[in-house]
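To keep things simple, chains are lettered A, B, C and D as they appear, and every chain counts its residues starting from 1.
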Amino acid sequence: MPPTEVLVPLRWSDMDAYGHVNNVQFLRLLEDARVLGLPRWFPQGGYLLDQGIVVARHEIEYLAPMDYRSEPIAVDLWVTRIGGAAFDLGYVVRDAAGPDRAAPGAADVGVTTATVYAVAETSMALYDFAAAGPRRMTRGERMALDAQRGESVPFRRRR
Amino acid sequence: MPPTEVLVPLRWSDMDAYGHVNNVQFLRLLEDARVLGLPRWFPQGGYLLDQGIVVARHEIEYLAPMDYRSEPIAVDLWVTRIGGAAFDLGYVVRDAAGPDRAAPGAADVGVTTATVYAVAETSMALYDFAAAGPRRMTRGERMALDAQRGESVPFRRRR
Amino acid sequence: MPPTEVLVPLRWSDMDAYGHVNNVQFLRLLEDARVLGLPRWFPQGGYLLDQGIVVARHEIEYLAPMDYRSEPIAVDLWVTRIGGAAFDLGYVVRDAAGPDRAAPGAADVGVTTATVYAVAETSMALYDFAAAGPRRMTRGERMALDAQRGESVPFRRRR
Amino acid sequence: MPPTEVLVPLRWSDMDAYGHVNNVQFLRLLEDARVLGLPRWFPQGGYLLDQGIVVARHEIEYLAPMDYRSEPIAVDLWVTRIGGAAFDLGYVVRDAAGPDRAAPGAADVGVTTATVYAVAETSMALYDFAAAGPRRMTRGERMALDAQRGESVPFRRRR
């Protein structure tokens, strides 16, 4: 299963005093990529977001400065690990494909010149808000996440 | 050298719809911890922030939900690695010490009941804005950073 | 000339601890409405944003609580006043039209059940960044803005 | 009763791509001025924030560009109007007094050279979250607010 492509709009205010999209705002973009993308993995509803998941960990590498543009950027979203009460998400933050963002004819041959701005990974812990504690993954959740499993995040600088 | 303690005020808007400080805002707090804390390491001025440093990588683990309070939280800030053109910072995000945040008598014996909310690490790359490229660390910068060197960040879930 | 309709995406983080879009974030949405909408009024480029405009004043009334949704909201944008070195913009923040946001058949008869969340007005001052001071509106700018002129903002509580 | 002075810390991220504190962030500063300042008017607790108040209207004029600084700015906060189920707050956003922000000897003679960055007014409506509707002001609330009543906000450009 290829990653899920989520288009995430930028805001002018994502830029900081250096005139580029601020490094913290990248995490904000990933948040919206999850909010927009995860429901697609649970088309029959009742998915885990309703029951509660919390962010337990983030890791992100910045590869290129991102400038503000009025068109959305693309975030590839997939599952990198599934545990008993947690799972990890991988992300690639890149230019969305489009006639103005690739060389002429590139799309025809599956080639893209899109810039990759960041790669990242988030650990999500399943949470039971009612019981105020962690909870086990259900069989249905595991099956839905397993269908989205992909490769490790291509970090360059992981310690 | 013990870590530098930086007091960082919260904002009411750091809370998200779940009523806790949002996970992305923790990175915002670390940003201000750097802005407030790094200049103290370069008391004679001319420190590296003037010349340009950019964030190359973040890693953060969330250990406890943080509630909004009108008093600042404390961020311990230190150096975990020094390279030729980069360095890593470690952080512990915790309650600031204070009579209302520790058991009676605790301060007298050096014991604190402060909650640790997160541990994190940031890789900073030295940058030459004029040349629009990376630059080597100067001898003075290295000496100043070396004086702040400490242990590894106590991550629990590092992949 | 009817107002320019600008579609502005929400972010999950626009919600505050009360679970609604935060009142300050409404101003953030207006910012993006300007960034996305004003260039449409200057299709030949060279428009005033390039030369510098600054916000001199905001006035906003909140009419209904807005919930987060993954679809954009609509901002109607028009000109309410033109001065020698400044102009005012009017806004209506409302649900975007759509089959799921209006009663059956409503669109056929031009009726909409869209909620209006806020009305607002911003005074923009023309600014010369190079000279670090105000500047006069050009004839071309005046003509472009004059084509977008509309009625006063329907404030209810203006003092 | 003179206005209540509330010290509000800035964040580095309050700056936008123009390198000044962003106009929308001024409203964010006013939010924290309310959160920090209003409880002081209700020293015995049980004050209206517990019961619910919502922002119904903002008006703000920008008078000078504000640069980021590590020290807090000052917000003067007072009551400009009291209604049956609502009240208005006035604000002046200015440099905090201090030895480095006034001419030598100025403090001795009550003179300050502090810059005023903005003046603003917010209408707050009393809200009953349980009943999901407006509510009347209590006698105790009215007395507490009446003690903070001051002059009109010195707007220059009110329409």
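Going forward, a residue touches a chain if its C-beta (ideal position, glycine included) is under 8 Å from a C-beta of that chain, and two chains touch if they have at least 3 such contacts.
Treat the numbers as computed from the prediction; the structure is a model and nothing was measured.
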item	value
Pair in B-C, C-D or B-D that repeats A-B, with over half of contact pairs matching by residue number	C-D
Pair joined by the larger number of C-beta contacts - C-D, A-C	C-D
Distance between chain centroids, defined by C-alpha means - subunit A, subunit C (Å)	30
Between subunit D and subunit A, distance of the C-alpha-averaged centres to the nearest whole Å	39
Distance between chain centroids, defined by C-alpha means - subunit C, subunit D (Å)	25
Shared-contact residues (touching 2 or more other chains) in subunit C	12-13, 24, 28, 31
Residue ranges of subunit B in contact with subunit A within the complex	23-24, 27-28, 31, 54-62, 121, 123, 157-159
Of all residues in subunit B, those that touch subunit D in their complex	9, 11-13, 28, 31-32, 35-36, 70
For the subunit D and subunit A complex, residues of the former touching the latter	12-13, 15-17, 19, 22, 24, 68
